[in-house]
Each structure stands twice: as structure tokens, then as C-alpha cells.
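Chains: A, B, C, D and E, in written order; residue numbering restarts at 1 for each.
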Amino acid sequence: ACGPSAGTPSDSASGSSSSAKAKARTLDEIKESGELKVAVFSDKAPFGYIDKDGKNAGYDVYFAQRLAKDLGVEVKYTSVDPAARVDVLTSNKVDVVLANFTVTDERAQKVDFAKPYMKVALGVVSPEDAPITDVSQLDGKTLIIAKGTTAETWFEKNAPNVKLQKYDQYADAYNALLDGRGDAFSTDNTEVLAWAKSNKGFTVGITKLGDEDTIAPAVQKGNKELLDFINDEIVKLGEEDFFHKDYEETLEPVYGNEANPDDIVVEGGEVDD
Amino acid sequence: MSGADILLQPGVLPRLLQGLWVTVWIAAVSVGACIPVGLLVGWLMTLRNPVVRFLMRIYLDFIRIMPQLALLFLAYYGFARWFDWNLDATGACVLVFILWGGAELGDLVRGALQSIPEIQSESAYVLGLSDWQSFVHVILPQALRRLLPASVNLATRIVKTTSLAVLLGVVEVIKVGQQIIDANRFQYPNGTLWIYGVIFFMYFIVCWPLSIVARRLEKRWAND
Amino acid sequence: MTEQNGDAAALSVRHLAKQYANANKRVLDDVSFEVPKGRVLVVVGPSGSGKSTLLRAIAGLEPIQGGDIALGGEVIETGRPGSEKAGRSARSSELRTRIGMVFQSYDLFPNKTVLGNIMMAPVLVLGRDKAEVEREAIELLKRVGLADRKDAWPHELSGGQRQRIAICRALILHPEVLLFDEITAALDPEMVREVLDVMIGLARAGQTMVIVTHEMRFARAIADEVMLLEDGRIIERCDDPERFFTQPETERARQFLRTFEFERAGHDKP
Amino acid sequence: MFDWSFVQRYAPFFVNGALMTLFICAIGIALSLVVGLICAGIELARIPVARQLVRVYIEISRNTPLLVQLYFLFFGLPKLGVVWSAETCAIVGLGFLGGSYMAEAMRAGLEAVPEVQRETAYVLGLSPWQSIVRVVLPQAVSSAIPGVVANVIFLIKESSVVSAIALADVMYMAKDLIGMYYNTYESLFMLVISYLVILLPISLFGLWLERRFDYERR
Amino acid sequence: MTEQNGDAAALSVRHLAKQYANANKRVLDDVSFEVPKGRVLVVVGPSGSGKSTLLRAIAGLEPIQGGDIALGGEVIETGRPGSEKAGRSARSSELRTRIGMVFQSYDLFPNKTVLGNIMMAPVLVLGRDKAEVEREAIELLKRVGLADRKDAWPHELSGGQRQRIAICRALILHPEVLLFDEITAALDPEMVREVLDVMIGLARAGQTMVIVTHEMRFARAIADEVMLLEDGRIIERCDDPERFFTQPETERARQFLRTFEFERAGHDKP
């Protein structure tokens, strides 16, 4: 192990060994090492963030903890930027990515996705006094996005007239929106809804954009053993309505009763509509 | 201003300090490891062997012309694939700082060794000192003196450059600051100003003494 | 070590030839001379005539391409044709201590005190006892009038003081021959005097020396023999310095010596 | 393994990124030269209070990283009601950082002119202005150029962090392509090439300039 | 300009007092002397005695605290007590061109060619015609034997050549007095000779000069008057150089001159 810790569990990046093979670890190797290395967001409340005490928390984290518990190991978190999610897997910096990772074709070529545990579409949040309610309104305007998100890909492909202002990190993107550096911000609708609820003066003018997508855990390409384990786990957890519980613990405090959990949560890996 | 209270929140300053510690740790490890690398590189650069010279030139010029951030990206994303060698973000930072610092220090070492007048080693030869004695007792001590001020400056630059680690996702002082800003956004909307202000100041407090030391050394040894 | 012949010259140079790499001309060409024990040879000559090269070759700092150099009858260096690019002579440490050399400048080690400079070689090379060496060093410092500066650093000393220390540093090895290369060229006149006085003291005490200098009055005072070098050849050698400086044999020597004389400007006074 | 078609498709991105890098650097470096000149002037003229302020500025600017300076300008200042565009922040940041480096290089250049040169000019009857313009400045420029050139290259390299405030420079393009298409290899390759293309000519030009203004070598 | 008195000395210094800022002792104390037109004054003295300071004060480079300096009878500088920290004298450009000075080293402008160096002041300060100045410059260069180097850069010249150019640069302004401060101290003997020969030529041509030098033979050859300075005071002044150098009046002068004499080492020859 190399490197000191900044006191948060999320910095496993600096706690893990600094060099290893880029080949994924087997289930046995994970169990033997006693820890599951998971990539999560550290600035995307309420899905993956650092709370006031400096601890990782959120919907993804709740799942990660359970996954590790059922494996009989501890979790080691690595915080990632959206754009780094594929590379942390290909270079074997983590075993699993649980960072609101939307399943797309491009990504599926590089990593293996397990069964989904959430569903999303894109949403657009904008200031209340100049709301954006349709994509056409964005023509010639500046849209803030985070690099490496599905929102980026969607707007690059479908809205060539929108000026994109891209940040490495969600936190920077939100700050930019607060400081009025762009006309709107787009990312997963779950995410913008949550954010608009807790930030006065902002509204989600577009709640559903593009295809409905799913969010799933991802492992390194070809790591079938771990993939199968996670798939089994998701099916098993579906029987106990685990993700609804997760929702109650982490998302409900934010969304309150305005949202229907079934719009977000996927149980047992089965998207029902 | 109300926002300043964010600094008094329990845990905020300690966490920032812990973040700073990560920063300083990366810098310290890198600087420490740079020293042997730099001495070796410097020595290699004084050799007359054309192949060694050419290789060192390429190494030095490439490292010098690439922005450190680009080097960090190469190490973090590139190395794992090219050499099937996996580095975490901290490891990549340390590796880059060692390669970069080693090259810079190597050039300083070369300059220092070559700046020692030939007559010094000639005097040692005439007095009967062996080559090794002459190097250890005469050349090296003088080279180190000329080297030290610039090396301390290099250390300052390495500390400053550790700030780039945040862009690879290392949880160091800047990242901790961003997490704090994020977690306290509603109570302290002005948090960015204060937290970034404090981080700014923290870097200054780490680097400034080094600059002063470098300047002192330079003055003291300039006229010897 | 071969046994030393009591009658042999302290230093003898025979048919010495020296050429620098990348040069197409010899810098020293068939130079032969001897310096008997206890005598002082002064080498003079215009700039570029090869004086420094001669001393450096004797000290082993330059490879030679022909001839040989002997110390007390023992040949210590033999010319090797084609050795222009070779480095310093591979002669042993012990052998090197038998020839002392003082340069024009910069040759004290700035990272050692005065005593450190003087004691370094006897302790490191000859393995002599520290305390004993220190006693001797202080004796030497007294002789050159600098006993009170024994703990000073070189940069705290004036140029003249530094050169006197450099002389002590060479002397403590009891060299059979001492070589001096324009050691006062960079000094103020008063300092020049301090240093030259020390050298005159050494000559009186019977130290064998080869001195390169541009101070003709000093040369005249200290020399047992004078040698005029030009373009790497010996133009004139004379064991009567008075005669050399007043009535040299060759035209070239006369001409050389005139450089140091001035005729009255003799413009009309009002 | 290596996807040339990807490189062909996205090379224009890097051209745009390089133009952004050059645009920011050109203005930022020009600003740093102005700031440096003013600071060096104040220090040399020994203007009482301004001189202390310049010292403080130089210490602060040299001892903090550009990235933190940028975060402060971009995210911190808006809380004081000062909202600068990313371009402005980057240029101000480069000017602020570079100004102190340029000031030191220029001061060193001026101090490298031996006093006896000014004295000779005085004895020959040159006016103070003639002495500065004809004697001191040409020599000061000659000895300041290597330092200034080194600083220019340093600043261009430092400018790679402006991607952190969403400026679409070379670095930004590389990260963006990695994040969108995961063609890490090709993106890194284009990144390296872009910087070589920007920096190699500049450093060669710097060498030429040094030689051109070195009275001992031309 | 006040009219010049035909009988007045070219340069006269009266009761000159000079103290450096932050020093508690005067560097020049009540120094008075005159240099008649066409004559050469040589100033000698140990290091630190104030020789350079004296020349610099005359040239206006150092503020003086007492006494005055006159050129051809016209007072050009008056001492002001308390002016230690003042900068160079505020005298006019035109006045400055009437006194020439050559320093020990570094004083050619490296950014100008040989001709550029020489022509700068007459063109810029006196506003003379370029072509005419160039003709005169080439004349001067011929006089010092360097006409073929007129387009060279200073760094391409040897030290001796540089100093001869510096002399030309001063001469082209036709200064009433020329000051030389150890201008050969950093040169090799042969170069020394080249430069000193030029100065002897100037003396013959009747140029008024004040020369500081450590070359006693040269001083003896060129001087019309000799002045020995020590600790900022004039110890001895003599308008018969022969006498000064052979039988000085004061004990201090005798002692000073002895620095330059050597007695035979006189060790026993085998």
C-alpha cells in the first residue's frame, strides 16, 4: 500500500497498491484480499457523495456495502470522475463500478454490464426565471454538462447547435450553473430532480429526454465470474425488495413523496415497462 | 462575511489539513525519490558515451516539453495499457514527479558537476588523490553546494504541481475542499470563496518557506 | 620504486614532445633539460610558448607523445605516440605526491578550511597520523605567516593568502620538485610580494623548483638557471641569470626581454 | 489496436484545442510581460511602497499553483459578485502567475549589465536617456531573453490546467474524447503530438532569438 | 562656458575631500594638485589608498564632500558636505566630454562594433557629422594599429585590443584631460606592452593625462610628475620621476618602492 489518507474512506485510490497487473481479479482473489474495490462518485448526491463527516454515502454506496457484505469482505472506495469510469476498469484500478453508470452501446464494448438496478432518462435543470422546457430553446445557448456522461453523448449527437461547456467533475458543473456560467445543466433526470429540489431558484424544465436507459454495475470485460456473482446477487436482492429499501434510506429524504420510487428503482434486474 | 464560518464547522479544517498532508506526502516521496534518480541521470549526462548522451537528451527533452498534466495523463491512462502495468492515481503522480523531477534534477546535477573548474580535480590529482577520493572529497561537496538552492526551488515546483493530482481523482487537499464545498452548499453558499481561499493560502504556507530557504542558500553560497 | 641515484638530477626531461588533440602542431618539441637537486629553474617565454603545458606534462596532467620524464633518475613517464586523446597519466598516487604543483588560481578546495586543504593529501593519500600532520601543517603556516588563519575558509582569504596556503598544501607532501605556474599573475602588487617572498624563502632552504613567471625582476632574483621557451622549443638556456638578463646570447631573448623595458617618453617639458 | 480512423476524425478537435491554447497563452503571456515590466521597473526604481507590494505579489504568485489560482478566480470570486468568463480567468491567471516570473527574468537582465557600462556612458557625455536606450537596454534585453523564453514555454505548459475550468484547450479535448469514446490510446497520442507541435517550434524559435540577441554569439 | 585661462593648469584639484556613504573615514583627505597642460601625472600607491576614487571623483562619478575640481581654470565641481549618498555629478554632457576616462575592464559596449563604440559619443552628444566622425575614428584606429578591426565586435578582440579601442573612444572627443585607471592590470604581458606603447605615444603628442598604474618601469618612463597616495593623502609628490624612483624623499615612499625590488635569493649553489 502506498500513500497516506485524507481521512475519508473514499480515497482508496491512494490506499491501494500502486502497481498490479491490469488483469481483473478473480472472485477468490477478492475474497482473499478481504476487500472489494468499488468506484463511486464522490460529488453526485444523493447517489454517490461524501457526507459532512467525510464518509461515502448514497444510493450506489448503499448497494456497494451490501454487495461487499454478501461477499464477506470490506469495501474500498475509489472516487471517480464520470469520464474515468471505463478506464478504472480496463486498467483494473477497481473491481466494480457503481457510479450511476448508464448502459450504452459504446460502453458495453469496453466493459461488461451486469443487470440494471436503476433506470433513468436525461433531465435538464435551469434557473426558474429563465426556464428551459424544450431542447429547441437551447439553440445557440450554453449548456453545462459533465464530461463522460450520457448527457454529453446525447447532446453531441442530437443537438449540434447547443454550445456545450464541459467540466471534469459534477461539483464544478453545479458551481458553474449556480454562478450563471451557462443557461442550463443536463444530466440524469434523477440527479437533476434531486438537485433542483434542494437548490432554490432552479427548476427541472425537461424531465425526460432521449431514451429511457438503465443503470447497472460494470466489471472488466470478460470477468465473468464476478459478473455472474453480481447478477445472482441482484436477482436475490430483488426478492427482498432491497432497492426499494435503498431508495427509502437514500433518495426519499431528497425526493420526498413527489416522486414514485418505481420510476427509478429496478428490482431483480427486470425492467418492467 | 457569513461564509467564513464554514471554516469553523467541526471537521472542516482537520479534513483540509489531512488533504494537505496527502499533498505534502506525494511531494515529499517524489522529492525523496528524485534525489537518487537525479544524481544518476546527472552522472549519466556527463558521460561521453554518445548513445547514453542521445538517450538522456531524448528523455530530458521529452519530459521538459510535455506539460506535467499531459505526463500525468500518459502515466495514469497510458502506462496501464502499454506496459500492462497498473498504477493508481497516487502512484501515477509519484511516478511522473520522479521522472520529471529526476530529469530536471539530473540537468542541475550535470550543470553543477560541469561548473566545478577543471583545476579542482587537477589539484586533487597532483596531490595524489585517487579518482574516487577526488570525487567524494573535492568535486561532490562543491557540486552539492551549487545544486542545493536550485534543488529547493525544484521541490517548490513539485509541491505546486501536486495540485494537478486532483485532476486524476486523487483525494488531496483540493478534492477534500470540493467535497466540503459540496456537502455544505446550502448552509454556506459562499463556501467556494473561503475554501479555495484557504487552499490557496495552504499552498503558499508550504511553498514560501522553501523559497526563502532557496534564496538564503543562494545568497550565502553565491560568493564562495 | 627504483633506488634513487644520489648524483641524478632531481628532475630530468629528455626529448619531450607534446601535441594537443585536434591541433596540427607540436606544443612542445624536443624539450630536454635537467634540474639538479636544490636548484631553481625559471622558465620564461611569450604567451602560448608552451610553459604551462611543460609543467602540466611533468605533473602528469597531460599525456606526452615522445621523450621521457625522470624523477631522481627514475623514469616516471614515457611518451607514447598517438596518445593525444589520452587522459591524465596513470601514475600512482604515491608518485604524484613526489611532485608538487601550484596553479595560477582557483586551486584551493573551497569546501575545506585552510587546515583541511593542507591536511587532506597526507592523511588520505599517505595515511599519515592526523595529529602529527596537523602539527606540521601549523609549522608550515607559521613559515608563510598565516598561522592565525588556520581555520579560515578559502573565500575569506585574499588572493595572496590563498596562494601561500596552496604552497603549504604542496609542501606538506615533501615533494622532490615543486612546480609553479604564474602563481602571482592574478594578484595585486603587494600580494605578489608576499607570495614571491615565500618562494625566495623556499629557494634559500634548498627546495628544487621549476617556476614559470612574468616577473622578470623576481626571476632574476630567484633563478639558478633560466630557460627561454618559444613555440615549444628551448631558445636559450643559461645558468647565469645575471648574464641572461643583461646580455642574452640570442637575438630572440634580447627582443623578449625588451618587452619589459621602457624608454623615457621624453616629450618636451614646458 | 490503434485506430487511425479515430485519429483522422478527431484531429480537427485538437487543432481547435491548440488554437484555444495558443489564444489564451498569447494574451496571457502578453499580460505577464506587461506585469513583469511594471514590477521590474518598480523594483529597479526602488519606489518605496509599491516596491514592497511587488515583493508580496511575487512571493504569492510564485508560491501557489496555477490550478488553485484558477479555481479561486473561477469559482471563488463569483461569491464576491465578480463573474469572469473562463477565458478571462485563464488569461488573468496566466498573467498573474507569469508576471512574477517575467519580472524576475527582466530584473536579472537589467542587473546583469555591469555598472561600469553606465559609468562609461556617463563619462562619454551620454544623457541618462541615451545611456538607458543605447547602452543599458540592449544589453539587458540580451541577457534577459533566455529567461523570458524559458518562462514563455513554462507558461504554455502550465496552461494545460485551464481545461479544469471548461476551456476547450488541447488537454480538454483529450479528456473529452477519452470520456465519450474511450479511445484512450489515440487520444493520448494526439495529445502528445499537439503539444510537440505547439512547443517544439516555440522552443526552437526561442533558441534562435537567444542567439540573435547574444552579442557574443551572433 | 567661462573663458579659459591660457596659463591655468589643465586640471587642478584643491583640498578634495571624499567619504563613502556608510564609511566612517575619509577616502580622500585634503588632496590638492595640478596637472599643467600637456603633462603626465602618474599616481601610485598601495591598494585601497584611494587612487581609483580620485580619478572617479574627477570624472564626476563620485560626489565629493569638500574642495573643488577645476578644468582649465574653470571650477567644474565643488564639494558639498553631507553629499555622501548623492549620485553622480549633475555636470552637463558637454562638460563630461572634456574629461576622458578608461577603466580597468569591461568598458567597451558589447552591443556595438568597434566603430560603433568610437562614434557613439561624438555623434550623439556633440551632434557631429557621421561621415566626418568615421574618418576621424579610422585615423585614430590606425594610430593604435587596429584599423583593420573597425567592424569587429568587442568580444572578438583580445584584452589589449579592447583597451586600445577604449582609448580611441575617449580620444575622439578631444578631452582636455585623459584619466587611466590601471588599464593594463588584467592583461597578459605582451598586451600590456601594446597598450602602454599607445599611452607613451599620447604623452609624446602632448596629451594631458592622469595615470594610475602598478607598472613602475612604465611609470618611470612616462611620468612628468609622480604622486604617491596612501590612506587618501598625498605622501610625496615629485616632478622628477628619476629622483622619485631612485631616491624618494620620504621613508614611506622608499618602503613602497621596495615592494617592487628583489634581492638575489643567494642560496648556495652546489
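Assume contacts are C-beta pairs under 8 Å (C-beta built on N, C-alpha and C of every residue); 3 or more make two chains touch, one makes a residue touch a chain.
What you see is a predicted model, and the numbers here were worked out from it, not measured in a lab.
Specify the chain most distant from subunit B by Cα centroid.
E
Averaging each chain's C-alpha atoms to get its centre, pick out the one most distant from subunit D.
C
Compute the distance, rounded to whole Å, between the mean C-alpha positions of subunit B and subunit C.
48
Between subunit B and subunit E, what is the gap in Å from one C-alpha centre to the other?
Those two chain centres are 53 Å apart.
Centroid of subunit A to centroid of subunit B, CA atoms only: how many Å?
Centre-to-centre distance between subunit A and subunit B: 35 Å.
Provide the list of subunit A residues touching at least two other chains, using ranges where the numbers run on.
81, 84, 87, 90, 168, 172, 175, 178
So which stretches of subunit C touch two or more other chains?
none
Hey, what residues on subunit D touch two or more of the other chains?
In subunit D, residues 75, 78, 164, 175, 178, 184 touch at least two other chains, as defined above.
So which chains end up touching which?
Those chain pairs satisfying the definition are A-B, A-D, B-C, B-D, C-E, D-E.
Help me check something: in the complex, which residues belonging to subunit C touch subunit B?
59-61, 88, 93-97, 99-101, 103, 105-107, 109-111, 120-121, 124-126, 153, 155, 169-170, 173
Flag every residue of subunit A that touches subunit D in the complex, lowest number first.
Contact set of subunit A toward subunit D: 81-84, 86-87, 90, 106-107, 109-110, 147-148, 152-153, 156, 165-168, 172, 175-176, 178-181.
State the interface residues of subunit D toward subunit B in the complex, per the touch definition above.
59-60, 62-69, 71-72, 75-80, 153, 156-161, 164, 171, 174-175, 178, 184-185, 188, 191-192, 195-196, 199-200, 203
Contact residues on subunit E for subunit C in the complex?
Residue list for subunit E touching subunit C: 36-40, 46-47, 188-190, 193, 196, 200, 203-206, 214, 217-218, 220-222, 224, 259-267, 269-270.
Residues of subunit B touching subunit D in their complex?
Residues of subunit B touching subunit D: 3, 65-70, 73-74, 77-78, 81, 156, 160-164, 166-167, 174, 189-190, 192-194, 196-197, 199-200, 203-204, 207-208, 211.
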